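Beneath this line is the structure, given in structure tokens, with notes to follow.
Chain nomenclature is as follows: A, B, C and D, assigned in order of appearance, with residue numbering initiated at 1 for each chain independently.
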Amino acid sequence: MIIVLKPTADKTQIDHIVEKIEKLGLKPWVSEGVERTIIGVIGEEDVVRTLPFEGIPGVEKVLTILKPYKLASLDYKNTPSEVNIGKGVVIGGKRAVVMAGPCSVENRQMLLDVAQRIKKSGALILRGGAFKPRTSPYSFQGLGEDGLKYLAEARDKTGLLIVTELMDIRQLDTVMEYADIIQIGARNMQNFDLLKEVGRTKKPVLLKRGIACTIKEFLMSAEYILSGGNFNVILCERGIRTFETFTRFTLDINAVPALKSLTHLPVIVDPSHGTGRWGMVNAISRAAIAAGADGLMIEVHPNPEDAFSDGDQSLLPDKFVRLMKDTAKVAKAVGRTM
Amino acid sequence: MIIVLKPTADKTQIDHIVEKIEKLGLKPWVSEGVERTIIGVIGEEDVVRTLPFEGIPGVEKVLTILKPYKLASLDYKNTPSEVNIGKGVVIGGKRAVVMAGPCSVENRQMLLDVAQRIKKSGALILRGGAFKPRTSPYSFQGLGEDGLKYLAEARDKTGLLIVTELMDIRQLDTVMEYADIIQIGARNMQNFDLLKEVGRTKKPVLLKRGIACTIKEFLMSAEYILSGGNFNVILCERGIRTFETFTRFTLDINAVPALKSLTHLPVIVDPSHGTGRWGMVNAISRAAIAAGADGLMIEVHPNPEDAFSDGDQSLLPDKFVRLMKDTAKVAKAVGRTM
Amino acid sequence: MIIVLKPTADKTQIDHIVEKIEKLGLKPWVSEGVERTIIGVIGEEDVVRTLPFEGIPGVEKVLTILKPYKLASLDYKNTPSEVNIGKGVVIGGKRAVVMAGPCSVENRQMLLDVAQRIKKSGALILRGGAFKPRTSPYSFQGLGEDGLKYLAEARDKTGLLIVTELMDIRQLDTVMEYADIIQIGARNMQNFDLLKEVGRTKKPVLLKRGIACTIKEFLMSAEYILSGGNFNVILCERGIRTFETFTRFTLDINAVPALKSLTHLPVIVDPSHGTGRWGMVNAISRAAIAAGADGLMIEVHPNPEDAFSDGDQSLLPDKFVRLMKDTAKVAKAVGRTM
Amino acid sequence: MIIVLKPTADKTQIDHIVEKIEKLGLKPWVSEGVERTIIGVIGEEDVVRTLPFEGIPGVEKVLTILKPYKLASLDYKNTPSEVNIGKGVVIGGKRAVVMAGPCSVENRQMLLDVAQRIKKSGALILRGGAFKPRTSPYSFQGLGEDGLKYLAEARDKTGLLIVTELMDIRQLDTVMEYADIIQIGARNMQNFDLLKEVGRTKKPVLLKRGIACTIKEFLMSAEYILSGGNFNVILCERGIRTFETFTRFTLDINAVPALKSLTHLPVIVDPSHGTGRWGMVNAISRAAIAAGADGLMIEVHPNPEDAFSDGDQSLLPDKFVRLMKDTAKVAKAVGRTM
């Protein structure tokens, strides 16, 4: 850590800071430059990271040297991690994995139908929400455990694996019982109690990026899960909130190579939420795979016009077939399979 | 709701949409303009609000007429609501109410000290976190129930009321037992299960705006609580995330008059989080009261340099005394007391 | 246009609005709903678009039906436009076109060297700034007309075409004399006087998206050029400003399919500015082509460590060779050549 | 400057960087920590600031110590600057100065009327655009020099001073002839050629903050003018672009105390553009003065419903009278006059 002092900082202030650093068992190193005095702090940066040096008189700013996350970092593990979901499905390997299905599980028959169709198209994992986070209290809130049961039935009938969202800590055991991957949604990316709980399991976790969270904060949330002992974390870029309103969110394609340069964890992309428009999902899926994503999460609905949620961004099964074909060609161009 | 069609929309598409609207028991009204055909939907807009009309072939965009929140709206109640906290303290009345205290409850003595000092300065409510949402799993996570006990003791000794954050549904009963106001933090503004639970109580709720949430979404989250039967909701603007990095967040002062033009609920401002710099808290407190805020939430710490969290933005008790004096003058200038 | 009235709007207010609309030669249509009265305005929307109806007593909000741009719209021309640059180079056709070169023209020899190397790699157009917009008055401001002369010499020696930025209207004639494409930089996207001047020429214009400009505003700026009579406009997505600071900007990949769904103009992408990190340029170039971009603009420098500007984001010529190969595979996968 | 190396940086890379620094005539200082090696650069930071160290192999990140602006900084001049406009009007002194008038000069009579009314209310400066930057090429573009003549006539008749926008370098002499303050609009905050030209004059310049520009960039643009020799610069916060769409922009009230902590230049606020809604202008004007702004810029129109531009955010003269009264009380509460 480097503490930059104001040009007006006096000896008393400098001594006070030096003393503070020494009390923490660290070594201060004072360098008096022409325009600014700076104090380097030598030793374990974690000890001082959260101390409010910027609030101390005489200090202009504080510069940190190290990354605040450890286990998620390439410094900790410099080869890509593969998350094993079961039945031979691995995320983070050569094969880009596609998760698809309706936004919400709306009823049994619809789910079984869509599961069969996406299976035929080459998807490996079925998505579907049983508990739904909805902006309005008056919107459909999901089928709850019945939804989970339909998902399990669809798994049995198709061989697909299942990813579904956990919203409420009290449902942890229930969701654990049915899901192959637990999804933590964007709104819960910083629900730290929830992160701690899934960190205590060994279940694969799909962690979605919060819409206003930086890449650093995203990795800090992953760190919560890793530091609990669960290394089966898959990161999912799903669009951030910007000033642009034509699209529902702004899918941050930069996040794919950025994350790959910082972490060993696999990274997938959700173009359905990232754009909010079904007409753009194919193009952004191709882009994601081209940029190096390890997989995709796609909303597919047999009849989007009647979807209980997210119909605007859901693909018809036919369009999903097309997406799988188009994206597979791009996957091949970047040396992957699909 | 108004559905604007593409110039290329044909009769089959129009008929399909008309039929869809009629099936919902609503009345479509088709107007063929020179450049665009539009379809008005007459009847209960809620029925159709969440339907994905934008995804239907032939549709260019959908314009909504009504606000998606009801109970929070001035249309529902057009006089300001006063939230009664107890011991004669009311938020939303003529008196602007100040909540102050440390970010985290760090130990018993420090809390009792700071409570006495803020009480003397004119604050009515003591803030302090017992359960802390922290970006890093390696940061101080709060004292838990012990923290709540110290808060209760400080209340007994000073007559101040208490506001503290609820993060985890499983702690609802515990927090209810000690707190006079339950705070829902910015990261949980869209933790809908939590909102539903506090909506089932009658306890005053301080709802902080999420850092990437629009004013409309803020009111939708309030609606979750109101629709559960709890009308004791206080809104708190605490800064949104923008591209500016000099300040920790960008306090959205516009939100104060904006919310006042849309809702009857009281609105307070948190300049400590909104700026992240103690040197700016006095100026922004004055601005908030000048803009019409019903109160302030201020971080005060007897020794910010050693604070376990948020030291950069915490005021020394002396500076808080000054803030109370400066702000009281502005309160008077806008016809309020403090 | 649809004018939504407040629930409290009274007859006098409604009559006043109706009268206002009629005075403009348009036809108002009043619909009294259960919860809201709305007034539709039938006729040429342009007449009323800029009128401040939202400021009139009794009005809650105004909804517009039509797009504010015309000539740039697919409604005006529903087939992709090809911009002919000369020497058989066309932007917007089957071949994705690559523009490459140093951020600034720094000296003659360096420019000739880099031109030869990018030519060999398959780029068709040489980029290089002679007039440079720099955040700091103390930074290198470009070689001016000498820079243009070196660009022209590089064109003569290699057969590449030239794109270079025009910043100052007073340099229009000079830049016109040397450039094959005039670049309007992001900071000047809403320099309307400059847009009008290039709109009076027939020279191809590369219009970069402003860092805080919506897709609609981007098309409005293109409209300035088109409405002057110059249809040779190429749009360039180069990153928008968001809260994320790991990358210099957030490249908005959504803008590619979004623009393709709204306009006939060709769209290229600048991954160098969009990311600000050379290590991410290859991945984002692949993503851009996969998403449907008509070309790329890439910063290449023979020795980025000594570049006068943008060295952090410039590729070494060797890495550019690799980029061309990698991206060509993706181009093929989406049915294009490079 | 501090260069933080990657944990994988080897001796060759370190030597290369050290050599680079020495070649620039500066002194490198290498510190090998437990987890990271860092290299301090001692000497004139400006020499190295724009060098792309982040692009050099082995470098993880670069931290700068000094501010990139000098003349605008409190380090250069640590007392508030007062900008003398003439006729005894000073901006940056004890009196908060109000500039008011229509967005555009629409015709002679309207301007004279409004000038007389704002004069009576206590405003000292008349605002009005003769050259207008408009998003659409089809909108009213201003009266040009005629507009300037009407402004001059209004000045003669009322004693008010005049502020008006310069958009195009070619109009510099013309605008100089009429204006007492030259306004550089938000869209031109980084039109560096324009900044250089006004920097060569001694005319007071009102520099508006660009909607996506950081406080640092704002001060860098001021630096362009100051470094040309013109110290008569007034900064104007007028709202930044964020995700919030209820208001036209998000007025960044934090910018007032933030700028005051960084620069000696006076700071005013434009609540009309910052909110885009006339109903919020009074509240935000009070907030701005309470936060320490040195003045206000307010749009006033005798008949906003018929304004050629910005009618939604313009105040009626009566409401402006009220604003002056309300704001004067707040000014007094913070020790200023109005």
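Rule of thumb we're sticking to: a contact is a pair of C-beta atoms (placed from the backbone, for glycine too) under 8 Å apart; a residue touches a chain by one contact, two chains touch by 3 or more.
In this text, all values refer to a predicted model and were calculated from it rather than measured experimentally.
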From subunit B, the most remote chain by mean C-alpha position: C
Computed distance of Cα centres, subunit C from subunit A, in Å: 31
Cα-centroid distance, subunit B relative to subunit C, in whole angstrom: 38
Centroid spacing, where centroids are CA-atom means, of subunit A and subunit B in whole angstrom: 26
Touching two or more other chains - residue numbers and ranges from subunit A: 212, 241-243, 245
Topology of the chain contact graph, where touching chains are joined (line, ring, star, complete, other): complete
Footprint of subunit A on subunit C - complex, ascending: 212, 214-216, 240, 242-247, 250-254, 256-258, 260-261, 274-275, 279-280, 283-284, 286-292, 326, 329-330, 332-334
Subunit B-touching residues of subunit A, taken from the complex the two chains share: 20, 46, 49-52, 54-56, 68-69, 133-141, 167-170, 187-188, 190-193, 195-196, 210-212, 217, 220, 223-224, 227-228, 241, 277-278, 304-314
Subunit C partner contacts - residues on subunit B that touch it in the complex: 2, 4, 7, 29, 31, 33-36, 38, 40, 42-45, 63, 65-66, 75, 241-243, 245
